[in-house]
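One chain, subunit A, links the two complexes that follow: it is found with subunit B in the first and with subunit C in the second.
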Partner chain A sequence: MGRSTTSKDAEALFHSLHSAYASTPTNLKIIDLYIMFAVVTAVIQVVYMAIVGSFPFNSFLSGELSCVGTAVLAVCLRIQVNKENKEFKDLPPERAFADFVLCNLVLHLVIMNFLG
Partner chain B sequence: MARNSVILVLASVLLASIALVCDSAAIFNPISDAHRSAALELFSPSDGSFGSLEETYEAIRTFEALRVNRILKCELNDKAFAGIVTRLKDSVNAANSLLDFYHSIGGLTLIKDQTSEVDVHLEDADRIFRSIKALSQSDGRWRYSSNNPESSTYAAGIALETLAGVVSLASSEIDHSLVATLKNDIMKLFDGVERYDDGAYYFDEKFVDAHGHQDPLSASSSVVRGITAFATATGESLNLPGDKTLGLAKFFLGIEIPGSAKDLYHQIDALACLENSRVSVPLILSLPATVLSVSRKDQLEVRVNTVLGSASPPLSVKLMQIFSSGSKDASVIDQELKFDPERAVHVLETLPENVDVGKYIFSFEISLQDPEHKKRYMTGGRTKVPVYITGVIEVNNAEIAVLDSDIGSIELQKKLDLSGENDVALSANHLQKLRLSFQLNTPLGHTFKPHQVFLKLRHESGVEHIFVVGNSGKKFEIILDFLGLVEKFFYLSGKYDIQLTVGDSVMENSFLRPLGHVELDLPDAPEKAARPPPQPIDPYSRYGPKAEITHIFRAPEKRPPRELSLAFSGLVLLPFFGFLAGLLRLRANLKNFPRSTVPATFAILFHLGIASVLLLYALFWFKLDLFTTLKALGFLGIFLMFVGHRTLSHLASVSAKLKSA
Partner chain C sequence: MVAKMDKSATDLLTSPGVSSLFKSLKLKTKQQELLIRVTILFLVYVLAFITRLFSVLRYESMIHEFDPYFNYRVTQFLTEKGFYEFWNWFDSESWYPLGRIIGGTLYPGLMVTAALIYWTIRFLRFSVHIREVCVLTAPFFASNTTLVAYFFGKELWDTGAGLVAAVLIAICPGYISRSVAGSYDNEGVAIFALLLTFYLFVKAVNTGSLAWALASAFGYFYMVSAWGGYVFIINLIPLYVMVLLITGRYSMRLYVAYNCTYILGMLLAMQIRFVGFQHVQSGEHMAAMGVFFLMQVFYFLDWVKHSLNDPKLFHTFLRITVTCAVGLGAIALGVGTASGYISPWTGRFYSLLDPTYAKDHIPIIASVSEHQPTAWSSFMFDFHILLLLFPAGLYFCFKRLSDATIFIVMYGLTSMYFAGVMVRLILVATPAVCLISAIAVSATIKNLTQLVRAKGKASHSASGKGTTSSKASSKGSLDQSLPFQRNGAIALLLGAFYLLSRYAIHCTWVTSEAYSSPSIVLAARGAHGNRVIFDDYREAYFWLRQNTPPDAKVMSWWDYGYQITAMGNRTVIVDNNTWNNTHIATVGRAMSSYEDEAYEIMRSLDVDYVLVVFGGVTGYSSDDINKFLWMVRIGGGVFPVIKEPDYLVNGEYRVDKGAAPKMLNCLMYKLSYYRFGELTTEYGKPPGYDRARGVEIGNKDIKLEYLEEAFTTSNWIVRIYKVKPPNNRSLKCVGIALLISSIAVTMSYEAAKLIPTTSSELWLCFHLGKARSVASPGFEKLI
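Up next, the complex of A and B:
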């Protein structure tokens, strides 16, 4: 009995979360999806490293930092683009996107240099 | 090993004694076959041709002087000669330096010898003679030209040769007073000749000119050439001091075989001039062998030749004195040597009775039989020659004994035969003594003192001790008191091999002989006693192969299996497909993409720009270096900024309109 209540509560919680998330604007969802993609890629690399070892370490770090870095940048983009965020009300989303592109290019220049 | 070291010891003794004797006397040998083969080598130049005309000329003159062969016989027609003669005469008249005179007069003289058809005579020989003479100095040396104040001996030789040429080319007799002053100059030049200790004379050259320094050999050679040419041309007798002419010959002979072709030319040419000169022909006394054995009853042979090795006129050789080395007193012999006409040597059949083994200086005197020859040949008084008399030395009364220290009573005594093998076995402790004694006698029965007498004790471990055996009166004796030697022996008990060395350069039976061994019983070493020195390593091992160097390489890192890596490469693509699938599910679209032409173009360019930057990064990874990449990135970045700004500002304005609408 108690167990079914817990699962029901959890179900209710998920449901409310899902419905609340459904109202999120599509462009934010796309960014969320992109972040998920980057994080999962990073996790797969970590798993690979756990299986075969860290050699060559610089290549592993490059791949890892590329994913994590772009995920962080995407989070920043999401913060700036979100309409609910009053702090960035004056900042147009186009400007935020330009920053995102520029930062990504710089990040990947460094990554490529480090890749070896 | 042992035999080698004896030979080494003997060789060094011999060298040292030769060096000692050479101070006072030296041997000069006439030109030999070695010189002839050296001259032949001149004619096998490496690249098939001679470096310069001068070298060729000198080579041919050397060759001719040795009379190996007359190899060149060039035929030139008289017309060509006439042309050359005119040019040479012009240059004689225009000449103002000594070398100009020398070359042109020398050329004319050579042509005169070649052909009689062409008139080579000089009309104003007196004037030319005077203008060359004007370059002479008061000390008999010459200057190269009138505006050069430095005088040179080499130039003096050249000048004399040139003047001889002038005299022979003169159409009329040269003023006799000129020739007389020139003779005076030659005498003055000879006053400046320098002398070596061994009786060799040479002309030194102090002047250094643009042609470089002329060494004593070339200067002396030049003077000899000049004087002989002058004497031949004028027919005058120069009355040169005989010992100096002979000394010059000795100087040239003392050089033996020079290293360079130039030096060989100077040496042989000067000797040939002396040999054929009208001045005076030096005669050289030489000994085919200067080491004579009394045991073999060798005969003393003396050979007298001219400098180039031709036979001498009839003469007799006397052995005048014998100096024994180390003492000043000489025994006067005055014994004439017997001439052996077949072998052209003078033989002293038996050595004087009082000549024992040792080093001596023999003094010879040559006397010519024909009084005419006495004017023409020079013998140079007495000639001193170092001679080694060797012989077999008798070794007698050799014995080795172990003595008790206190009373000196003999514990054990053994006779030794030092001419044969010995293997004595002795034993002693530190309270005893070892005595070795023997006698050395020359074939004449005198006591002989060799240069080296050593006793060597060698421990099993390789530690060696060498003692010098002294002589007292007739006997050689050494007593080793082991009590005083324990420290020197490093308290090492055990077997010591005994070895005796007796060596001298005049001792034919010098030996290094093992005598046996002595078993020493020494006390134990106290704490502070010196350790025996480490034995020297075998010198052969120093040049042996070195230990092999093995290189350690880092082991390659362990790589995962290929399949696993490929599987994960595919796995990494999965999230990307998930991302695309998610986009489809979210119904993402490109409806916001600008429609009108200009903004659409900019938008496309913007995306192309980003793609090209990523492509550039990929190239950077594969092959480009950082600088090329950054340069390209700079241009692409500017382009991207421009189109990105246009695109995004367009989008911003569109969304602003939407909001306001």
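Up next, the complex of A and C:
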């Protein structure tokens, strides 16, 4: 009895989320796809580390943090570009994208130094 | 003070002289205000620099204290050999025979900053010496800190508060104590980096811009490279984020600011070798990571809630997610801590949370005088009226709560707690106290001057214009209470200015009297009031540099290690880095043992010279005899053969006739008081009167067997002894040689008696004489 209501709840949840998500603009969906890609890559790296061991720990960390970092920065970009956020309505999307590119540049320069 | 007068000029623009000046320059009000602000900031910048120059003017441009000498030596190395050699430097001149990996065990920010300034100035063809750059680095960065304080104050409250904050922090003794000219230590640069990081982070939270968050990450990187106190930042910022989340002030700007700062800051910080992987492995940094994950979960939930628009479904989702997330987090933390992967809090920082921890477990941390709890007098000495303005500022901050004021309140409260635990951390609390007090001062003065001006305007308009009857009656009723309010406001303003001027006088006096001494050069007043300078430390180090072989090893207590390597240029056994407790305990054991045991230890460490500091002749109280009990405690912590009660009499530490016998015969006592028993130090007192302890010493007739005195400075402050090498031949061998030769002579004499020729007697006498000349003069006694 409990399990079926939970599963029904989960189904209803899933459906309403799906329908809400379908109405988001395309540029935000592209950013979401990029975030998914980064997170999946991060998970693959963790699984690989669990199998092989973490010997050059700095290499593992730099790979992991580059995925996590770029995912986080993409989320920040999505927040700033999203028309629904009242706080950022004065921010031109070009400025948001330029900040995103700059932060990613710094991130990857440091990653390359840390990779070892 | 000129700065204070200029501040009051902002609301006295109606004074004829100033306004005519501005009218002649044809400036609008906004431009006038800008000019005044820029002038004030410029004056404050210069003020912050010159108030720190007392010791340069009184003595000379030299490096103070102990730690700065190490930093100076490292900076010299960096400018001579270049960055690559510096980053990979292994130093074999300290911690003999272990050596020290300097490249990997220091915070390079200060040295790299000074080297960059040096190279820039050299590029502009000014040929300065690196020592001048090092001496003046701290005042230069103090001036920069005042600018950052102005911008931070502007961000928190308004420009008036910014200006007051800049002035207050320019002369605050809490900051001056560690940033005076000559104090070439990490804190001089680190406080600038700390305030800069906080300002950039608050700016990022206020604007929600990725660019400001990136700048904040760079500020954090600079702070990590400069000082170990960066742990305060990496714990305060997550705490602040938690408080904002709990009080419901979360917003998208917070998400952007914190995440960008954390990820980029963490990555940049791991580039410093000394910090290494601590950001993911050490317990002190786990709060930041925990808050990072918490934020992801929190904002994900917020996004789902926003897109669902159905509370019931959302509650279900919330239940599932929160239980999963909390469960996972707890498991990860538990496994990490239990398996030892996440290291627990190190002793240095744990002793801040539990102040009694260091005294029981880590005597080296407990023995440093800067790590003692703070007395109220220290607070008053370092803060003066800011201590009273701090609660007033807190009141104003709570009246106008915003993200920025919440931050400064948290910074103020946490830093004041830590300042109460350890004297050294008053430095970290100073910017917060200055900013909060500035808010109080600025808000109060603004209210008061508005009262003064408003009533003034009302009286002007009442006299200038014709008014309706109602207005006249209302003005009439106001007029009765007006004069008192206006007078009251003027009186309060005068009171405020009086307080601020007393603050300025106090700060300058404190800087001049208490915080401008180089510690390596001592000064005192002679009998006729003339100034007497004791330059014994440098005298001893230069003697070492010029009169000992270049590979000589010097044993001393760890306080003097950095100075000996920097100025004496000789290898030392232990120095101020105190990274190896057992090595220090070995030296402590050698100093506390009898001379023969100590000689064995010194031979095992290849020690050639021993250096002790003795204040009995001058009354200098920071000498080795006063530090001796710490040597015993630290040595006894590792070698149980050294027991502290052996050196005490009824729990009391004495050096006179009633002292413990072990105390009277230990190496430190002998080296300090050798030949002191013949010296008369004060008129009317017996010879051997120790002026630092105020007693006549117990053991005046000291004989040294394994060491000999090499050098004592002119005021007996530093004494250097040479360790004698072992003898070439021992007395036993000489005795055996004499015995054999005497037996041989007697037997040949007996044999010769049987031969009845004169030639044989002649032969015998000849050989007897030869045997006599070979044997030592002691041979006569044997016959």
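The rule we apply is simple: the second predicted complex is superposed on the first by the 110 of 116 C-alpha atoms of A that agree within 3 Å, B and C clash if a C-alpha of one lies under 4 Å from a C-alpha of the other, contacts with A are read in each partner's own complex, and residues count from 1 in each chain.
Rule of thumb we're sticking to: a residue touches a chain if its C-beta (ideal position, glycine included) is under 8 Å from a C-beta of that chain, and two chains touch if they have at least 3 such contacts.
Note that the structure is predicted; figures quoted are calculated from it, not measured.
J.: Thinking of the overlay built on chain A, is A:33 touched by subunit B (first), by subunit C (second), by both, or by neither?
T.: In the superposition, A:33 touches subunit B alone.
J.: Applying the document's definition of touch, where does A:69 land relative to subunit B and subunit C: first, second, both, or neither?
T.: second
J.: Have a look at where A:113 lands relative to subunit B and subunit C in the superposition and call it first, second, both or neither.
T.: both
J.: Which partner does A:57 contact after superposing on A: first (subunit B), second (subunit C), both, neither?
T.: A:57 sits against subunit C, while subunit B stays out of touch.
J.: Looking at A:21 after the superposition, I want to know if it touches subunit B, subunit C, both of them or none. Which is it: first, second, both, neither?
T.: Touch partner of A:21: subunit C, not subunit B.
J.: Just checking: does A:94 make contact with subunit B only, subunit C only, both, or neither of them? Give me first, second, both or neither.
T.: first
J.: Show me the subunit A residues, by the header's touch rule, that subunit B contacts in one structure and subunit C contacts in the other.
T.: Common interface on subunit A, subunit B vs subunit C: 113.
J.: Please give the residue numbers of subunit C that touch subunit A in the complex, ascending.
T.: Touching subunit A from subunit C are residues 208-211, 213-214, 217, 251-253, 255-256, 259-260, 263-264, 266-268, 270-271, 277, 280, 304, 307-310, 313, 316-317.
J.: Hey, which residues of subunit A end up touching subunit B in the complex?
T.: The touching residues are 26, 29-30, 33-34, 36-38, 40-41, 44-45, 47-48, 51-53, 55-56, 92-95, 97-98, 101, 105, 108-109, 112-113, 115.
J.: Within their complex, state which residues of subunit A touch subunit C.
T.: Residues of subunit A touching subunit C: 6, 9-10, 12-13, 16-17, 20-21, 57-58, 61-62, 65, 68-69, 72-73, 75-77, 79-80, 85, 87-88, 91, 96, 99-100, 102-103, 106-107, 110-111, 113-114.
J.: Which of the residues in subunit B end up touching subunit A in this complex?
T.: Contacts found on subunit B: 557-560, 564-565, 568, 571-572, 574-576, 578-579, 582-583, 586-588, 610, 613-614, 617-618, 620-621, 626, 629, 633, 637, 644-645, 648-649, 651-652, 655.
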